[in-house]
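Please find one structure pasted underneath; my questions will follow.
Chain naming follows the written order as A, B, C and D, and within any one chain the residues start at number 1.
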C-alpha cells in the first residue's frame, strides 16, 4: 500500500494562554511512501516526526493537507478505519492482559463480516507471535517480559490484524544498545517477510540508515530530504541534513570560494568550478580526509585514537566551527603521533559546501 | 502462513479495510456522526448528572433568599418570588448567631489542628514509607483495621478521658483527640512510597539528616497530597458537630456548625426559620467553596498521585 | 497477621474479664437527700451556678432580666445560663455529663428526663429544701424563707405543682415554670356558617366530622398533632392503664386501649382525621389554610403553646376566618382529663451544699416570680403556673385580648380554664420510651392497610410493649 | 537490614500518632469490649454514686443484640443499602469520571460542580432531599404537597409515587435512601477515580483506538482493569461506610427511621447502637463489636476478591 502525504500541516494551539503563540508542528509536508517499503522518519526531537506519524495513523487530524492510502483519501477517516498497525514508543501493552490476550485484543474488535471464529483468532495470534518469535511467552504478563520481548509483543499486536500500513514510534529508544542492534534487524526481517509498508520514527540516524529503504529527514516541522539512506548521506541538500547524518558527525569549517577554489583559512583545499565567489560553510565527512605529507589542509594534531580497522585522528583548525576535527582513515596509514600537525588532502565527493546564510547546498 | 508476503497482500485486497472511494466518504460521514453522537451523549449525561448534583446547592441558595412564608409553602418554589437579602444581613447581625466569634473559633481550631495533624501525619507516613522496623506491617494493618470500627462508640469513653484530663471547654479538647487520621497517614504513605527510594539513599550518602530530607525532598514532592489533607482536615473542622457540642459548647469555644444548629434561627416554638438558616449555611460554606475552587488542581493531583495501590 | 490480631483480642478479653470481675465495690455513700447549710446560707460567699435551658433569643432576654432581678437579692450568686438548642440537647448533654459527674446545677426539664437523670442519682430531691424554714436576709435587706412557704405552695396550680412528684418514690424533684395543654382549635366562621356545634365528647366529634365531610368532601375535618398525647390522654380519659412506676411498667396493651385505637383507625380510613406524622407536618398548616390545594382541616387539636401557628393567614390585615378554641373532647365530660406539658426546673446534686442551695434559690425564683412567668407566658402562649399571676395587671390585660388576633392569650385562657382537669403520667426509666412507642403505635394502627385490622392492632400493641421492655432491659 | 538505631527512630517518628491513637482509639476499643461483657451496663446507672448496680460479667449483651425483635430488619436494611448503593455509586462515579476525563470544553466547571456536595453543608442536604421527594398529606384525596421528583414523574406521564410519607412502600423508601446515599458518595468516588484516570497512560487508549475498539469495550477491558486498584479502594471504603449508614436515614426519615405509620422500617445496625446509647451501653457496645465483626469479614472478602481481580 502506497502512502501519500499531500501538503500536510499541523498547527497546535498555544498551551500558554497569554502568549497566544501557535506551534507549527508540521509544515506543508508532502511525500510519497512507496508500497512495501520501510521508511525511517528522522529528525531531532521536536521536529514533527511523531506528529507526522500520528497523522498517518489518524490519531491526530491534520490542520490542512491530505493523506492517501493507495488511491483512497483517508484524511477524514478515523484511525480504526484506516487499517493501520501502530507500535508505541513504550509499547502500550495492556498490563493486565497476558501476551496472548494482548495480541488477541485487536482481533476481538473486528465486527460484521470481518468477525473471526475463536479458532481463527487463535491461529492468527499464534502466527503473529511466531513471526516475532514470542510464541513461547504467550501466557506471561507484560511486566514479566524484557524490553525486547515487550517490543516484539507490541509488534505482534500491531501486525495481527494485518494492517495495510505499520507505524512504529521510536521503536528502539527504550532498549539497551545490544538489544537495539538485534531488534532493528528483527524489524527489518519482519517487514521483509510481511511486505507491509512500514513507517518508523526515530531520532537516531544510525538506526534509520541501517534498516530503512528510505529515510525522511525533518527539521522543525519542515521536510528536509527524502531518499535512500546512502543517497541522503552522500548528497545532503543542506547543512542540517549533512550534520544530522553520520557518526562521527561531519566536520564543519568556515570557508570561502574564490576564483573557483575553496579556501579553508588560507589554504585552497578544493577546486569548485562554477561556484561564485562567496563566504561558505564547508562540511567534510570524517572519511573525506586523506593523510598526505604535502596535503593542502594543515591541522594541529591533538590526539590519535586507534580503533582497530580504522584510526581516528583528532585535530584542530582555527577555521573549524567545532572544537575538534575528527577524521577517520585506514589503519594502514601510519600517523606520526609525536608530530604537532598533520596535513590532509580532501576527497571531493565527501566535501559539501553550503550557503552561509541559507545553509543550502551549493553544488559544484 | 498468513504473514508471508504474497498472501498478506491478497488478504488485504479482499478485506473490507480496502474501501472504494464512495465508501470512504460514507465511512467518514458515519464516523463523524458517531463522534458527534458520542460527544453529545457524554455531555448530556454529564450535564444531567451535574444538574442533579448541583440541585441541593441551588436549593440552598434560593432558599436562603426566600421569605419564611414562601419557604413554608407546601409546593416549593424553584425561584424566589421576592428576594430577601435581609436574610444575609441577618447572618452577621443576629445576636444568637455570633458569626464572627464562631468563625474565628472555627478558623483557629481548623488551622491549628490542620498544622499539628500535618506534622503527625508526615512523620508517621515517613516512618511507614521509608523506615524499616519490626512489626511495621502488623502495625499498619492494625491502624487500617481501626478505620472499620464505628467511631460513634468511642464518644462515651473519650468524653470520660478528656474530662479526666480536665480539657472540657477548651480549644485543646476540640483539637487534640482527632489529630491522628489513619486515612491521611495512609494517603501520604502511598504518596511517599512513590518517591524513588534512591533519592533517600542518595541523601543518606550525602549525609543529609532524615528531617532535612523530609523537609527538602519528600514534602515538596508530596505537596499535592498534603494540600488535599489540609483541605479535608479544614472541612472536618467546618463540619464537625457531635463532639464539639458535647465537650465545648460554651460561647467562647463554640464552632460554626454548632452555631448553625443551635438556638439561632429557631423561633420561640422551636420552629426553624429555614431561609435565615440557609443564608447562614451558605455564608459558612463559602470559604470552603472558595478554597476548593482555588486549590482544585492540587486536590486532583494529590489524589491521583497517591495512586491508591495496595 | 489475622492470627496475631485474634490472639491479641483474646488476651484483651481475658484481661477485661478479670478487671470487671474485680472492679466496682464499696464506692457508694448514702444518698444526700437532705441539704443543710451549716450555720445558714451565706449570701456573701460567691458561687457560680450553671443553668441549661433551650430558650431562644427572645426568651433569653426575659431570662436575662430575671437573672438581673435575682442578683438584686443575691449578688454573689452568678448564674451562667447556657442554651442547648432544644430539650433533646439538654438531655443528651446532661446525661453524658452525669457519667463523669459534672452535670450543671440546674436545668429546664421534662419528667422523662428527670427519670433518666435519677438513674445516675444526680437529681436533688427538693422535699428537704422545700421544708427548710431558715430565713435568709437578702442583699436588699428583705428576707425570705429558704424553703417554700405554705402560701407559696398554695399559689401553684395544684396539678402543675404535683408534676414534680410523679417518680413513684413519693419524692418531689422539680418545680414547674410554665405550662401548656392541648386544646381544640376550630374554624369558627365555618362552624357558624353551617350551624355546627363544637364537640365536647368523642362521640360528638365523630358526628361533627361526618357532617363536615358531607359539606366538604375533599377535606379532613380534624387534625390531631401529637399521636402520643392522643393515646395517653385517651388512656386517662377512659381510666385504663398506661404505665406505672411499679411492676410491669408498660401496661398499655389492654382491650380498652385497643378499642379506642381501632375506632380512630376507622376515622382515619374514612378520612375524618389525620395526625402530624401521618400528614407529614403540623396539622395546623392544614387548619390555617396555608396549604394551597384542596385539603384542609376545620378542627385541629394541638398544643396551646403553638397557638400562633393556628392563626389563619391574613389578607390585607384581615384574618381569613375566625378561630375558636375549646377544651378537647372527653370520654366522660363529668370527669375531664387533659395533658399538662411544659418545662419544669430541676436541681442537681453537688458535693458543695452551698452550690445546691444557691441553685435551689434560683429555681425557686423562676418558679415563683410572677414577672418572669407572665413575661414568658405573654411571649409564647404557655400559661403561668401561679394563680397570683392572673392578678397581675399586665397579665390580666394580656388575657383580655383573647381572640383570633390575640390567640396566645386565648390559649392561655383555655389552659387556665381547665386547671382542674390536668393529669400527670408517671415518669421512670423507660417512660420516654413508652411515650415514643405509643405515638408510633397510633401511627402504625391508623395506617393499617390489611383487612384484619384487629389482628394488626393486636400485633402492633404487643410489639410496642416488647420494644419498650427491650429498650429498658426488662 | 533492620538496624537498631533506625528502629528507635521509626518509633520516635510514630510516637505522637501512637500516643494519641492509644488514648483516643485503642483505649475506647478496649473499653467497648469491657462494656460489652458487662451485662445490662448503663453508664448513667454506673455513675450513680449512691446505688451500687450490678453488671454481671458474661455474654448476655451479645445474646440481647441477637434477640432484638428488629435485629433482622436492621441487618437486612444495612446489607441491602450496601449491596445496592455501592455498585450504583461506583458505576455512576466511574461513568462520570470517564466522561469528565474525555472532554475538554467545560471540564473544569463540571469537575467543580461534581465536587460541590463535598462542600455543601449537611444541614442543607437533608432538607433539600426531603423537599425533593416530598408528597401527599396522608389520607387526602389529592396530593397536597408534591416534590420535584413527582413533578418530573408527572411530566413523564407516570403517577405520583408516595416516597417517604405515611403509606409509602418499602421499595419507595429504599429508592429514596439509595438516591440520597449515592448522591452523597459520588464526589469522593469521582475524585479518586478521576485521579486514577489521570494516572493512566494515554497510549493505551490510542492503541485501542488504532484497533477500532468500541467505547464500551475500552471502558470494560482497559479502563476498568487499569483502574482496578482505585475501584477496589472505593468499593471497600464504600462497603465500610455503607455498613455504618445511619445519619443519612435520619436526615430523610427523622429519628424514627421510617415513614409515618411504619417507624424503624429503615432501621440499621448503627441506628440500633445509637438508640441503645444512653439506655443500654453494654448492648450498644456488643452491637458495635458485632458490626465490627461483620465489617471485618466483608472487608476481608473484599480484599481477597480484589487481590484476585486487581491487576498489579
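Just so it is clear, a contact is a pair of C-beta atoms (placed from the backbone, for glycine too) under 8 Å apart; a residue touches a chain by one contact, two chains touch by 3 or more.
Since this is a predicted model, take the numbers as computed values, not measurements.
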{"item": "Touching subunit A and also subunit C, the following chains", "value": "B, D"}
{"item": "Chain at maximum distance from subunit C, centres defined as averaged CA atoms", "value": "A"}
{"item": "Closest chain to global C-alpha mean, per-chain Cα centroids", "value": "B"}
{"item": "Centroid spacing, where centroids are CA-atom means, of subunit B and subunit C in whole angstrom", "value": "42"}
{"item": "For subunit A paired with subunit D, centre-to-centre distance based on mean C-alpha positions, whole Å", "value": "57"}
{"item": "Subunit B-subunit D separation of Cα centroids, rounded to whole Å", "value": "16"}
{"item": "Mean-CA-position distance for subunit D and subunit C (Å)", "value": "36"}
{"item": "Multi-partner residues of subunit B (at least 2 other chains)", "value": "74-75, 145, 156, 261"}
{"item": "Residue numbers of subunit D (touch at least two other chains)", "value": "43, 144-145, 312"}
{"item": "Shared interface positions of subunit C, touching two or more other chains", "value": "92, 99-100, 281, 291, 293"}
{"item": "Chain-to-chain touches, reported pairwise for every pair that qualifies", "value": "A-B, A-D, B-C, B-D, C-D"}
{"item": "Of subunit D, residues touching subunit C in the complex", "value": "30, 33-34, 37-38, 40, 42-52, 55, 57, 64, 68-70, 134, 136-145, 165-167, 256, 260-264, 275-276, 278-280, 283, 300"}
{"item": "Parts of subunit D lying in touch with subunit A, wherever the complex brings them together", "value": "201, 203-204, 206-214, 217, 221-222, 225-226, 228, 311-312"}
{"item": "Interface residues, subunit C side, partner subunit D - complex", "value": "2, 9, 12-13, 16-17, 19-21, 24-32, 92, 95, 98-101, 116-117, 119-122, 217-218, 220, 268, 271, 274-275, 277-281, 286, 291, 293-295, 433, 440, 443-444, 446-447, 449, 463, 466-467, 470-473"}
{"item": "Residues on subunit D engaged by subunit B in the complex (per definition of touch)", "value": "1-2, 6-7, 9-11, 13-14, 16-17, 20-21, 23-29, 31-32, 43, 92, 95-96, 99-100, 102-103, 106, 108, 110-125, 127-129, 131-132, 144-148, 183, 186-187, 191-192, 194-199, 215, 229-230, 232-233, 240, 244, 270, 273-274, 277, 281, 284-285, 288, 291-292, 295-296, 299, 306-307, 310, 312"}
{"item": "Residues of subunit B that touch subunit A when the two form their complex", "value": "1-6, 8-9, 11-12, 15-19, 21, 24-25, 27-28, 31-32, 35"}
